[in-house]
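Worksheet: one structure, shown below.
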Amino acid sequence: MAVEVVEAPWGAGVPVERFEEILKADKSHLIKAVLVTHNETATGVRSDIAAVRRALDAAGHSALLLVDGVSSIGCMDFRMDEWAVDVAVTGSQKGFMLPVGLAIVAFSRRAIAAIEQADLPRTFFDVRDMARSYANGAYPYTPAVGLLNGLKVSAEMLMAEGLENVFARHRRIASGVRAAVAAWGLELCAAEPSLYSETVSAIRTPSGFDANTIISHAAQKYDVAFGVSLGEVAGKLFRIGHLGSLTDVMMLSGLAAAEMAMADVGIPIRLGSGVAAAQDHYRAAHADRYKVAA
Amino acid sequence: MAVEVVEAPWGAGVPVERFEEILKADKSHLIKAVLVTHNETATGVRSDIAAVRRALDAAGHSALLLVDGVSSIGCMDFRMDEWAVDVAVTGSQKGFMLPVGLAIVAFSRRAIAAIEQADLPRTFFDVRDMARSYANGAYPYTPAVGLLNGLKVSAEMLMAEGLENVFARHRRIASGVRAAVAAWGLELCAAEPSLYSETVSAIRTPSGFDANTIISHAAQKYDVAFGVSLGEVAGKLFRIGHLGSLTDVMMLSGLAAAEMAMADVGIPIRLGSGVAAAQDHYRAAHADRYKVAA
Amino acid sequence: MAVEVVEAPWGAGVPVERFEEILKADKSHLIKAVLVTHNETATGVRSDIAAVRRALDAAGHSALLLVDGVSSIGCMDFRMDEWAVDVAVTGSQKGFMLPVGLAIVAFSRRAIAAIEQADLPRTFFDVRDMARSYANGAYPYTPAVGLLNGLKVSAEMLMAEGLENVFARHRRIASGVRAAVAAWGLELCAAEPSLYSETVSAIRTPSGFDANTIISHAAQKYDVAFGVSLGEVAGKLFRIGHLGSLTDVMMLSGLAAAEMAMADVGIPIRLGSGVAAAQDHYRAAHADRYKVAA
Amino acid sequence: MAVEVVEAPWGAGVPVERFEEILKADKSHLIKAVLVTHNETATGVRSDIAAVRRALDAAGHSALLLVDGVSSIGCMDFRMDEWAVDVAVTGSQKGFMLPVGLAIVAFSRRAIAAIEQADLPRTFFDVRDMARSYANGAYPYTPAVGLLNGLKVSAEMLMAEGLENVFARHRRIASGVRAAVAAWGLELCAAEPSLYSETVSAIRTPSGFDANTIISHAAQKYDVAFGVSLGEVAGKLFRIGHLGSLTDVMMLSGLAAAEMAMADVGIPIRLGSGVAAAQDHYRAAHADRYKVAA
């Protein structure tokens, strides 16, 4: 089993055209699966899964489409059926608002068929054992009962809010964050608006300032945890997560903390400027729905 | 048993001189106890308990000193022994950061003696039953075990942080709130700085704006609960609580929400202005302790 | 306000005939209320509230009927309307299976009317403040939100099991306990079967054996808490509580512990004899419902 | 990589002599590791890890010793250093009394060295990533913070009780279970006393009775979960787990439930007989420590 990694610059999305070329060139269908990350947590970049599906279809290729939806599913629109995703994976600790502990995996019928035909030896990760047990209302190993109960509750919470409303809330909160970043005169790692993630924003710090210093300072002085950066962009950006059980006002405290931490390290940020830009955005959202009585 | 209520304007502290007059006039010591609220939750006013003690002493009066410390104990400096307080009461749900459910009462030796001599019939509130049971490591009724365990943990948390640090944190957070109020061009209900509470700020809204509209709007649109006003000041102020398990950054989200709600009802507030004033204050606090590495 | 206490022997129920005599003698209706305990926790005695209502009616007396249902409501059949109870009180920590903290009080229309006409000064216990707040979906003081949410859940649990099933479960568990007591050759404090409580059994120890020694020994050696006895029967009985979230099998462990503790202090108990009697009872219950497949 | 499985009858322990033969025959040390289960959960059989170590030493073999201690560590004596175990694994949900979720793995210095030299590709299970992060007080992936905090508490609980006391408690509870089994006239799956597990007992049902019927009946009628049997002994035994946060009295309820369920399916069990045998055992344990005051 060989793996071909398609490189893309940090901040870019999945290079769909390159995927299509490779798939078209693979006349004998040696490629068994295409793996894509829907929402890149390290860079705050959302890729276009529908386009990857179109590339597969354009190439007439039979490869399975496997999607890492860890930081998107339950927060951003994800269309398992419409995009003909074959395997989608997420965790309990993001959109489902639970502690870490569950890997949640969905399979298409084609993926199920592929599992049956696969001849790689499997033990713990053999989902057929789970399928067999599920059929009897059971579980093949000791189940994480607490998390499974929690998943039931968080799924009910998401359905009660309405998935469309959940997605809209994430969009609104993320737009506010981006308004703040613009007000600070800074840039996101994501190269262009179509790539902006609704669940995490990676903010490039001005040259000469170490992003990791901002992060450790914010943790120490303000008890706020920003995300570190990795690889090529290490030290060049810090990340703000904005997903799950989050309100506009909770988001503002993160923006206010970022302003203070950046000011403390010497970045010429006007305090309150990013907060005000986000406030403007949040006030306007649903303005008609929450009209103040005259 | 007659009760004499000493009136004071909303926003004023306990009128200590008036207390002293009344006590001096009570030659035959008919007054059995003086009741004072240390921190008036409805107005954000802190009274000077040490001064009340001095008034009692100046009058040579034997009345007991009973203090309501519900919203001060565990947050603001309270000196049971130094001020010779006879009965102090607080709850589990404020400085002790627990759910509602425990009334926590402390008695001086003089208060204990008064309890023994009192001839009012008592049943549930007869603390002697508790004293007797405590002596055997027991409780006279079914105890709220969960809250008692919680109280042990919260007391340990307060001692681990250090009471002086806990008080300083509340002072710092409150000062930031007051910096925001000043930046908004608004005023507190508390009449002067010596009366400012470190745990709750009652903010007067400009005339023509109903504070209750701000409060209900903030709850509906922003999911943030501000406190309503009562009595003479009803509709004229809204309250921000800032006590317990709270950080500077958490406070900023409350200030940001107040800004948006005030702007939404038409008060000419510059968004981010109060937040920036508080950020300035919080950045400066302990600046030397959290110095950024060069 | 005078209070007339009607004495009854320990182990007897409410002396209904004596109540009727007193009520008939009170021609001018000076008696404002009759207070009765439905289920006496200290003795494991259930009184006949319906009969007390009949005594009131037979006397044509207008006194309110106040019932302490702390250890019965939610476990044993209680008919507020049918028995024309005016005030019923219970707590969160018994049939509702929650931590201590809520007093749950129900009022009849007559009781509400009496509250309006009463002229005793009231503050904290003035339920009219609660009624006014409830009408606005609010609460007059800081509410115990956690316990109120818990009450919602426990009420849902009781309704899901079905009140009739909940009562039947308590009857079945209590009958098993009584079968064990009979097998041990011991007697209950409750004087006769019609008085047997379904939620607590007070067991008389043979003369020469201190019940309190059994209780403290069981706590120390077996980590099991039996209830102490009070007043005239102090040291003469120990109590087994059997209410709330309890199964037949959980009950058996309490009986087994009682056997070991009694044997340890020298009471000639055959180990397993009471357990076996209760097992017989529990096996027979619903035998048809849980028939083993052939 | 080839795997040689050494078969042993159900109910037998690890065949140490056979291990020694195989190891001695492997002159060129092709065998890289010997895997042994300390306590076989499916059969209630404890194997002699010290003997396996001696077999390795007697053969002068360099293979690593890998031990599955899932259902023994934290309950039964386990000597990582004395037995020179190279890798030991357990979970959070057994002796550590927590929810499922943590795999807890310990490595010897030799195992660490082997990890460094291994050339199998590894990603998620590469413990070197963890070692590197631990060195900075961090974690390579999103950590299960709740379970890690829980592990701290459960480790403190075990140390507060004292490991020797924890082991003695498991021995005492298990002996009581075995006394009950003997009183019922039944046999364990474990072939002889030296193999008896202190944490789980697998009980053979008399021929003609399906163990799975007992298990499902106990679950339905008595709300008690016994363990099913697998493989060759499927339907021939049911298992009682007795580990973790467990007292003698809690154990008795499990035994009482087993008696009722067995009687219900027609096995000629005298109710209370096994309970009485266990009670005898538990009463005697520490009899001097818990002597009743004269």
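Quick notes on this one:
When the chains are written out, they are named A, B, C and D in that same order, and each has its own residue count from 1.
The criterion applied here is as follows: a residue touches a chain if its C-beta (ideal position, glycine included) is under 8 Å from a C-beta of that chain, and two chains touch if they have at least 3 such contacts.
All values derive from a computational prediction rather than experimental measurement.
Steps from chain A to chain C, taking the shortest chain of touch contacts, total 2. More than half of the contact pairs of A-D, counted by residue number, reappear in one of A-B, B-C or C-D; that pair is B-C. Among the other chains, D has the CA centre that is most remote from the centre of chain B.
Chain centres here are Cα averages; for chain B and chain C they lie 40 Å apart. With centres taken as mean Cα positions, chain B sits 43 Å from chain A.
With centres defined as mean CA coordinates, chain D is found 55 Å away from chain B.
Annotation for chain B: no residues touch 2 or more other chains. Chains touching one another, given as pairs, are A-B, A-D, B-C, C-D. Residue ranges of chain B in contact with chain A, taken from their complex: 213, 217, 220-224, 247-250, 252-254, 256-257, 259-260, 263-266, 270-273, 275-276, 279-280, 282-283, 286, 290, 292-293.
Residue ranges on chain A touching chain D, taken from their complex, read 91, 93, 99-101, 142-147.
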